[in-house]
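Report on the structure given below.
Chain nomenclature is as follows: A, B, C, D and E, assigned in order of appearance, with residue numbering initiated at 1 for each chain independently.
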Amino acid sequence: MDCSIIGYDPVGAWIKTTDTVAELLSYRNTGGLTWININALKDPLAIHPLAEIFNIHPLTIEDILDREQRPKAEEFADYLFITLKAIIRHEEEIGFEQISLILTPDTVITFQEIPGDSFHGIRRRIMDNIGKIRRMGADYLAYAIIDSVVDEYFLTLDTLGDGIEDFEERALDENDTSLISDLQKVKQTLIRIRRVIWPLRENLISLLRLDSNLINQELEPFLKDLQDNVIQVVETLETYRELLAGVMEVNLSALSNRMNKVMKVLTIISTIFIPLTFIVGVYGMNFAYMPELEHPYAYPITWGVMVFIAGGMLLFFKRRHWL
Amino acid sequence: MDCSIIGYDPVGAWIKTTDTVAELLSYRNTGGLTWININALKDPLAIHPLAEIFNIHPLTIEDILDREQRPKAEEFADYLFITLKAIIRHEEEIGFEQISLILTPDTVITFQEIPGDSFHGIRRRIMDNIGKIRRMGADYLAYAIIDSVVDEYFLTLDTLGDGIEDFEERALDENDTSLISDLQKVKQTLIRIRRVIWPLRENLISLLRLDSNLINQELEPFLKDLQDNVIQVVETLETYRELLAGVMEVNLSALSNRMNKVMKVLTIISTIFIPLTFIVGVYGMNFAYMPELEHPYAYPITWGVMVFIAGGMLLFFKRRHWL
Amino acid sequence: MDCSIIGYDPVGAWIKTTDTVAELLSYRNTGGLTWININALKDPLAIHPLAEIFNIHPLTIEDILDREQRPKAEEFADYLFITLKAIIRHEEEIGFEQISLILTPDTVITFQEIPGDSFHGIRRRIMDNIGKIRRMGADYLAYAIIDSVVDEYFLTLDTLGDGIEDFEERALDENDTSLISDLQKVKQTLIRIRRVIWPLRENLISLLRLDSNLINQELEPFLKDLQDNVIQVVETLETYRELLAGVMEVNLSALSNRMNKVMKVLTIISTIFIPLTFIVGVYGMNFAYMPELEHPYAYPITWGVMVFIAGGMLLFFKRRHWL
Amino acid sequence: MDCSIIGYDPVGAWIKTTDTVAELLSYRNTGGLTWININALKDPLAIHPLAEIFNIHPLTIEDILDREQRPKAEEFADYLFITLKAIIRHEEEIGFEQISLILTPDTVITFQEIPGDSFHGIRRRIMDNIGKIRRMGADYLAYAIIDSVVDEYFLTLDTLGDGIEDFEERALDENDTSLISDLQKVKQTLIRIRRVIWPLRENLISLLRLDSNLINQELEPFLKDLQDNVIQVVETLETYRELLAGVMEVNLSALSNRMNKVMKVLTIISTIFIPLTFIVGVYGMNFAYMPELEHPYAYPITWGVMVFIAGGMLLFFKRRHWL
Amino acid sequence: MDCSIIGYDPVGAWIKTTDTVAELLSYRNTGGLTWININALKDPLAIHPLAEIFNIHPLTIEDILDREQRPKAEEFADYLFITLKAIIRHEEEIGFEQISLILTPDTVITFQEIPGDSFHGIRRRIMDNIGKIRRMGADYLAYAIIDSVVDEYFLTLDTLGDGIEDFEERALDENDTSLISDLQKVKQTLIRIRRVIWPLRENLISLLRLDSNLINQELEPFLKDLQDNVIQVVETLETYRELLAGVMEVNLSALSNRMNKVMKVLTIISTIFIPLTFIVGVYGMNFAYMPELEHPYAYPITWGVMVFIAGGMLLFFKRRHWL
């Protein structure tokens, strides 16, 4: 486990990293804002000193430790608790990391499931005093963290969107038999993303309705903007699913068109030769009395009849647009 | 970038075009109304003088510059911000242009993504004093702009509707193998249009509920009418999708009916000749003792039997309605 | 264009027909109620004298003239505006006519798109003093007009319902290849009806909620009844669509069952004769040393073997329930 | 037409049956409660004496007489009007009967479409003083009547549920070609039941919200229970539809698996014999110079080659899991 | 039937088990809390002493005894009644047990359908004073019981989830013909679970809204957490259904791809040999005058022609990507 603590106010900012939660607590900022970030929390006991100081409800601790926790936002007496899933991309694979966030009037505590540097951008904005983050309250910091999580979804969706365009081209290639299972993989990814992003939408709506005194009125346009972004993610997911369904229909239609074409040509070849084979069979019979056999032009005449039959059938098929 | 500024009141109207936003600001109308239109804004800094004068929130500027912004309407302290997508048609292709609109008590500022003359009609109505636009407030101008955007959707839907009628005729042509992929293209267009028009519907509803003092009571029937038009667009899109689904079903059924007919006829031909070929094969055997071979009428009798078998099979198929 | 004006009160009733709107206005009833009906309005200017007298909003006039107007109900300062689609049946074809209705305290103005006699029944009830229409207010007249429009939908649905029962019988007839496209035509009709009836439902709900003083409390059960009828139309449409979907499934299943049966029988015939044809081919070979050929019972033995093979295959197919 | 009238109070109960409505009215109970039941009402005029006494609105009478009336609950000045559909089972067939119910403070009037004894159980509870029905008010009687109607739906659903279990077994029997059309019949029954039960759900909700003084507070848990039962009917219908859809998928998959298996085996037989037939054809040719024909072991060698080819093909098909 | 009664307060706890309900009642705790658990209630009369003491409504008793009762929560004058379904797993089989719960200020009464030890964990927490259960009220005990029921759903879903991952692997195995019916079994299980868990969701929402004085404010976060868990169960069910639908699509596509491949190869073999068989048939004819027959190189030339034709067809099929 590794922890970091950042203290800042409009004038300055400092950062410390420690190995245990207990160590952290001696650094708490007074006057300004404090941001405590805890990575890869495994030992439930380690959280207790924090829980006592910030009066954290046992259910909140349970939710922080439960990695399958559904995204939610809940108001408690002394703090606001928000948990959501961040998206993580490793090449083709998409995973999720649980981010929990506790907002008190002067402190933000974040819990990350996987050690990493997801919040690097925000940390830099605080340390280098970029934008207005230093002049805003703890609620703005919480907003900035959630916003950076949602932004990552947009980047992922862009990548998926490019993949869907590829599918649209592949849909007409009838030999691409792996298309359907590739499609299903993307579809399952969309289902999994929607499953974690959908509750976030409700949570942001309920945050706006909570009218908590932990959230300043000033923050409202930011929260609305955030909610708007989440809705856009959800709508983009829906649009992608519809596009994928369309790709699938085109592909099935292409496959079946092609199969039909192949079978038709092959069947027509058989159909033309079968009567001809019958005719040559007739004159292969060994009957003692078959007057045609002796006729001097019988052989060329038979050829003529066969060419005529074959031609007639071809013409018939052509007329009926079967060829 | 090119900008234009129009000042008007019930008595008169004037227009100026400039290259930079800064130049524009010296022309601001006093007493009457001002309409500032900015084309193809690329440099975010260029907008700052405007932002300062009209007290525009940083989030609004971000939304204006983000071309993927979801349509929305938001009220700020000093202005109402509306962003929506205009539809652009280039022959068969359909694209979208982001239109952002800031409404203050005496000024309307519009931002267009693509330089063009979408608002030509409204400009003419102001300059030539057509209708009541000059006698109405800034809110009516905003309404007129949004209305002209929505009208363009209706024209596009009419064109698409004509295309769907063509599809209904093509559905029964079994040789039209490109129908499905053509259908999918239209379907994707419908999905894309719905994606940008759907949020507009909510926004207009929320505008009506906002009860902002930027919007006069007098404007309410116009806004309701506009909302009504947007709902009609959405419903028309849904109807089109259902009609397309129907076209697809008819086409699949036509294709499969035809394929079945072809395969059946071909299979029946094979089925009739196969037993006959067997019979002629029998008398092609070279056994030393085959009494039939010597019989003087064996050959015509064999023909008779074969004609009888073929006729019997044809009759059987006919009776079972397989032909 | 032809116009009619009816004046009535509990005591008496009179009717006039004129060619122009202007003429009409001299006949306006005082004390009692007036019903002005205008057919096939084409010239927008002709409506202006009416508009001035009844203080009709320009948007209302626009809606009356726009034949693609979505059904809606709107309250203005001096009147209630309702526009809806009447269904028109010409034998198999179903069309729609736009009916617009303006309700003021003492006058009802109706606009019909197509000259005809849709309101004949109501006119008779007024002139012949049938039922309580003469004793009721202008709101009841408006209700009676809308009710007669909705009743026409019920009659149309009854006819469509009979057609669906026919489809259920046709579904099992595998030779009925036009079933699917006939089904689709009915489905499209259902889609088109739903599109015009659906908004009516909301409008009646909003009329009930409007609490307008143009509508007496006494009329409420009638409006509720009317709303109920509209909901019943919508639900019947949904039921029909589900029944049609069922018919389609049965038909596809019947077609595919039959095709499978045909193909199976034909394939089995081929499969039985192909090995036999091979055997007769063997003894048709011209090798110098083929001992079987000289055997006196070779021919009948070969027949025996072939009958045995054919019988064995038939038995095998029968056992596996392939026949 | 036959009518019955029951009068009861906690102390006693009496019953009369008459042929006309007029006769009934002389028996009205004073002090206690009266239940008037009218069977198979055909003559609209016969209802008028009732209508006058109980001040029944013309729309209510219309609804009672209209057999296609959608279930609804409506409050009028002096009474509550409820109309719903009772389910009637005749062996396999399911039909509906319209039950209308008027609830006044001391009287319940019921109208049945089909003469029968649906309310026998309730009549017995009143006459034999079973349960608390005699001690409760008119609202409880109305509840008991509706409850007995809803109970009949549960019994019908149980029967349908047993049928669905049969379908699940039949789904895997590929020769059961009538399954799909049997399924569709049950599906249509479910659609028809849902159509009449769905509005009942809303009506009970609206009854609970009406806060009518015709319904005692004491009755609320009973109405909630009833509403709960109706919801359970609707949910059971939905579950059945989903189960039927599943049965259909399993059946289609079973049919197609089997068809594929049959076609594959048959096609493989043809495929093996076709090259062999070619070979025997080769040595059936009558060319003057064919060296193989004279070779003493040509015939057995040919057989060897053919067995080798057939065996190789079988092995190849086996390896590819085509057999 | 077997019953147990537990009395506890922060200081101590005791447990008694009896055979009849009547015996139980002598043990009721005073001062502290009482938990009465009744297993496998069959005799409706046995419940009467309880009903009298706790003033239980007859409808509640009916609901407790009706095993098909839909989950619900209802508030009565003296108690809160909750009934829900617990999930029971026996290896592969999934069943449901009805749990009814009556909450009074100082007593919780639970009814289990099947004798078993579902509540073992809670009993241990009370007896061994684990956690805060002894310090909390009767409402917390009720919460803990429902929570343990919902937890069992999560465990079941985890098992099902593992099964779905197996399906995803099996989907691409075209010989796995039992996949579809296995899938349907899981799908039916999901339908059945959703049917009993869905109403629970509403009930918890209504419990939170009831604002009953039986539920302390302190319990609210626990109830919200519980509701959250139920929603997560429902969403997981939906996700599973979508994943199963995807598995099905992949499997159908795999099956059809494979069938097509097989049929194509087989048909191509036939198509190549059919013209060759015709050629050898030609030279098997017995015409007296067939000049080719006498040609010394006719036999090798014929072979050459046949190899050329077969090669040409193979090349043609290859070029068209039919092989």
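Just so we're on the same page, contacts are C-beta pairs under 8 Å (C-beta built on N, C-alpha and C of every residue); 3 or more make two chains touch, one makes a residue touch a chain.
From a predicted model like this one, the values you see are computed outputs, not experimental measurements.
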item: Rounded Å distance, subunit C centre to subunit D centre (Cα mean); value: 25
item: Length of the line joining the C-alpha centres of subunit A and subunit C, rounded to whole Å; value: 40
item: Interface hub residues of subunit C, defined as touching at least two other chains; value: 263, 267, 270, 274, 277, 281, 284-286, 290
item: Chain-level touch network, classified as line, ring, star, complete or other; value: ring
item: Cyclic chain order when read starting with subunit D and heading to subunit E; value: D, E, A, B, C
item: Interface residues, subunit E side, partner subunit D - complex; value: 57, 59, 62-63, 68, 70, 72, 74, 76, 174-175, 177, 180-181, 184, 187-188, 191-192, 195, 198-199, 248, 252, 255, 259, 262-263, 266-267, 269-270, 273-274, 276-277, 280-281, 283-286, 290, 292-299, 302
item: In the complex, subunit B residues that touch subunit C; value: 171-172, 221-222, 224-225, 228, 231-232, 235, 239, 242-243, 246, 249-250, 253-254, 257, 260, 263-264, 267-268, 270-271, 274-275, 277-278, 281-282, 284-290, 321-322
